[in-house]
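Scrolling down, you'll hit the structures one after another.
Each of the next two complexes has chain A plus one more chain, namely chain B in the first and chain C in the second.
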Partner chain A sequence: MSDIHPITRRLLWIFFAAACLLMYLPMLVTALASLSRSRFFIFPVSKYSWKWYEDTLSSLQIEQAAIISLIVAVMVAVISVALAFVGALAYARYDWKGRKSFQYLVMLPIFFPQAVLGLAVQLWLNTLGVPMSWHSTVFGQLVWIAPIATLVIAIQVFAYDPAFEDAARDLGATRWQAMRDITLPLLWPGIFSGFLFSLLLSWSNFPFAYYTSGADVTIPEWLHAKMIGGYTPMVPAVGTLSILVGAVMLCGGFAIAYAAKTIAARRRLATAAR
Partner chain B sequence: MAILELRNVDKFFDDFVAVDRVSLSIEEGEFFTIVGPSGSGKTTMIRMLVGMDKPTNGQILLRGEAINDVPANLRPTCMVFQSLALFPHMTVGGNVEYSMKCKGVPKPERRRRALHFLSVAHLPESYYDKPVTQCSGGERQRVAIARALAFDPEILFFDEPLSAIDYRLRKVLERELKDIQRATGKTFVYITHSLEEAMVMSDRIAVMRKGRIAQIGTPNEIYRSPNSHFVSEFMGEVNSFKVRPEKAGSLVDVESGRAIIVEPDAAPAGFKAGVLVVRPEDMLMGRQIPAGAACILKGRIVNEYVLGSRVQYQVRSGESLYLVEKIRATEDAEGIGSDVEIGWRPGDARVFDEPLQ
Partner chain C sequence: MTDRSFDATVGTSATPDERTGRGAGLLRPWLGRLPRNAGFWSAMPLSLLLLFGFFGPLVLVVLYSFMPRGSFSPIGWPTLENYRDIVEQNFYISFGWSLLMAIVAAVLLLLVAYPLAVAMVRLAGKKADIYTILIVAPLFVAENIRLQGWSLFFDKSGFLDGAMESLFGVGTGSLVGNIPIVIFGLVYVYLPFMLFPLILGLTNVPGDAREAASDLGATRFQVFRDIELPLAAPGVLIGTLLCFVLSLGAVSEAKFLGKGAVIPIVQDIDSAFTFGQNWPRGSALSVLLILIAAAAVVVVMRRVDIDRMFTRR
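Moving on, here comes the complex of A and B:
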């Protein structure tokens, strides 16, 4: 850093501050709005209160929506990682006929606008006569999220040297042993980020839920409904809480990864001492 | 009986012939090296030998039993990979023990045997708990060898594991590898593109070219009596002359028209045209070279390369450049710019029958 001209450095700092402000100010404003006592979205906030948070936390409707959102997110994350793991191996590891077409096909849903894709899934489910509920939302979101998880894991697979697996097999490992002892642990960082990514994308996803959840309501749907008809500061309150839940998921993920690393290191030290 | 035998083995990739009717047999306890330039089919060979590829035609026999279709994990052989492929998330001990873990050997026994193989591979026992990512290049080589030995294979294969190691360390590791082979009595099959590596370690060498075996022999046989222009060139720098027969005991250099004296049986029967090859260390050079030389070329020294104990001179004669190698101690005062005569004794040249380009 020392060889950067002072003016350049100052400009870089200004740019950094501006970027932070532009990105995070809206969230801050939302948080502020949720603390206003007044029913309306007016600045400056004249009186602060926790009233809307109390209302939010005691609302059965919101509790129901949060539970549904959470279940959907966990289901989507688990299923999409399972699909994405094998998908990423096909995408990046093995050379097979039709691999190129498979790569394009996997990417396709990401290029569609989500609203269009959501509508398409809804029409399709209607045609098939599948009843709409959060079950169908899991399916709908998977169409969009599983390809993204596949890409995230594929990046890890591209960096993975197949010679590791060959070496394990050569040393007498069965396919399953090589997968369990070598491939899975080495691809683990990718699988884990794929899982976190899917969880967060599903948690905040609105378009698919809107088209496919039927009578069930997720948090983003609830926010949308309230914004259209019947704004109260509960909207920014739920929004802020929703951001917090996302942040907790992310931090929780990192905490688990960190803990696993520490435990492994401690175990290694323990065997070394013996 | 040979421990490993290949009978008319072919490997095609679509239309490309990677290995073309190769037959050879490797004896128990032998250090056998397959050497060839890149694209000669040696990597395809080793992949078939360890079971990662299947031959298109022919048979691979291990102690007389066909193993063409036996996958790598069921073969009693093991390979040290070019990239080494040490498992980066494991310790040195974890790597060495892995084959025993797959077999279900109990932990204390695994550890005991792993420590033994670490010492065989010249690694201290304290390395058992070291993460493999913290080992240096040379240490990683030794871990890879220990891991392969711990599998207790009938044959150990090596796919150019030393190619990425710097010269001095490579020399040390080559010797160590030869020592380990002698101490354990295992059969080693080594693949390399480097003649030097092959020469130092091998009991026998197979030279490959375009998917075929060009020659098999001891290092000395291959160096002293190459059976083709390709092998003689591959085994070290040479001076080559395009020649045609003139009369008994003499050939003519196609480019200069100069007569070259050869031994009566030097050229094969019915020889029409070919290449005459002389190694740089067999060249004579001086202000005046002794009578009885095969021919005398007048030239000037244009370059001098010191190769440690020896010196190589590049001599320009007419349009062509020739290499002459001398032991430094016996050298006269000739240096760059000196006018010299070069030549060789008729017995030091080899003639190969092959079409002239």
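Moving on, here comes the complex of A and C:
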């Protein structure tokens, strides 16, 4: 047998648990710092308070930034998933002449330093005379996020058996019916993951917002400005809130996916019983 | 299980069917000039976005890099003076540091992420998806928040220093503001980017092959070297490449953890565009960075077949 040795197995688990802990450690420290009363973070914390959260929640500037961030994230997610769905079919489902080149093309923006790409997009929009606002941020982020969403959906498409669609067509379904009743339901988990990925990546994206949003400010931009300009405990407070919003999006997404799965299973059972 | 060759034949048999589709008869001679297949048209929207939002800007950056110093228009008499300036001034320092840090970070990431990927693929079983999400979820938190968190952890009178001081009476002092901590930041931020491709690569190693090899007398190391590594190679290559390129273009790690101990190349690019108001110089620096990254991408991607990478056997 070439199975993993029990000691190696245990070591791997410990290593894995340590890695998971390290991934979340800076966020925990951020949350801790946001609850510290003092102006500068000193550990151990001598006095805890919610003061910085009260300040954060009463700040109009931060409210504005949160609204802009959310609008951008939703717009990016909707557009990117639409582009990525058809893109993923071209990427993984259809056999066509330019497919290999298309696959590399889609990879390119992901393999590209975001800050440089953000600057390039800024230069480009500037030269074309497009005014910078959150609209241009949506565009800039799409260039980076739509290819990622395409890959996420493509993973599902690679596992999808096109014979189902062909069978439906042979049985007389129109192209649209086959798409609606066969392809979309089967690819739905991938499409949903693509949407969630896009939403969360946009919500947390800094470089594109920084270079392309003009006078509009998103939450990561607001944080950046404060981190550079001078630390205040509102930085970890806003950071923690932004992490929580992301966590709610992620958990909400999973709840929806789980509910949809359960409903579909129940419906299948009911049909089978009939 | 799905049989790929079978799928392929079914897939192609649908194509002639589409050609005789209703309505196309009249237009056929004209449509014949256009690539008719579904793949081409499905690729169109995304390709247009990338043409307009990726290649357009890149071409513009290249154009700007040949404009005279400080010009604000991409149209003019081309000159090489920006490149000459870059060679004559000491930009090689930030290029050198960025390259070195990217190489070290990519190698460290491979060493750290490989055992993690093995654990996820061979030990986690059904729960692998949950563990993957656990490791990937931090990607959805802005990079600067996480790096600031590490800064609060490592800084003087921060979490580590304070904890050591109160436990043992000896603090660690400030651990930020040096180059190793910047590399640590790079490894931390890009871990998910290494892990994902490695997991995809390792799923492509069939357990049977490993077992067959050890039945035939291969040692654990031989199985790793001759079976596992070659089969997982696309994942290893893509992950290393991705992390190298992203680290090369990283800037926040040096800002929040390095605190000025090292200036990465992207910071020079950013200052040329913003404080310097010298777009042509910023563009020329970008072009050089892109060329280095592109060279790495071309060398590696020629050895990788994307279809095979995603298709589980």
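Basically, the second predicted complex is superposed on the first by the 247 of 274 C-alpha atoms of A that agree within 3 Å, B and C clash if a C-alpha of one lies under 4 Å from a C-alpha of the other, contacts with A are read in each partner's own complex, and residues count from 1 in each chain.
Definition applied: a contact is a pair of C-beta atoms (placed from the backbone, for glycine too) under 8 Å apart; a residue touches a chain by one contact, two chains touch by 3 or more.
Everything numeric in this text was worked out from a predicted model, so none of it was measured.
In the superposition on chain A, A:R99 makes contact with chain C only, not with chain B. When the two complexes are overlaid on their common chain A, residue A:D161 makes contact with chain B and with chain C alike.
Contacts of A:P220 after superposition on the shared chain: chain C is touched, whereas chain B is not. Once the two complexes are overlaid on the shared chain, A:L171 sits against chain B while remaining clear of chain C.
When the two structures are aligned on the shared chain, A:A120 is found in touch with chain C, with no touch to chain B.
In the superposed model, A:V72 lies in contact with neither chain B nor chain C. Ranked by how many residues of chain A each touches, chain B and chain C are led by C. Of the two partner chains, chain B is the only one touched by A:I182; chain C is not. Comparing which residues of chain A touch chain B with which touch chain C, the overlap comprises 161, 163, 166, 169. Interface residues of chain A, counted against chain C in their complex, comprise 1-2, 4, 9, 12-13, 15-16, 19-20, 22-30, 32-33, 41-44, 82-84, 86-87, 89-100, 102-117, 119-121, 123-124, 127, 139-140, 142-143, 146-147, 150, 154-155, 158-159, 161-163, 166, 169, 200-201, 203-206, 219-220, 223-224, 227-228, 235-236, 239, 242-243, 246-247, 249-250.
Within the complex formed with chain B, the residues of chain A that make contact are 161, 163-164, 166-174, 177, 181-182, 185-186, 268, 271-272.
The touching residues of chain B, when paired with chain A in their complex, are 50-52, 71-73, 78-79, 81-83, 85, 87-89, 91, 98-99, 101-103, 129, 131, 147, 151.
The residues of chain C lying in touch with chain A in their complex are 2, 6-8, 10-15, 17, 35, 37-40, 42-47, 49-50, 53-54, 56-58, 60-61, 64, 73-74, 112, 115-116, 118-120, 122-123, 131, 133-135, 137-150, 152-153, 157-159, 161-163, 166, 188, 191, 210-211, 213-214, 220, 223, 241-242, 245-246, 248-252, 255-256, 266, 269-270, 273, 279, 282-283, 286, 289-290, 293, 297, 301, 306-307, 310-312.
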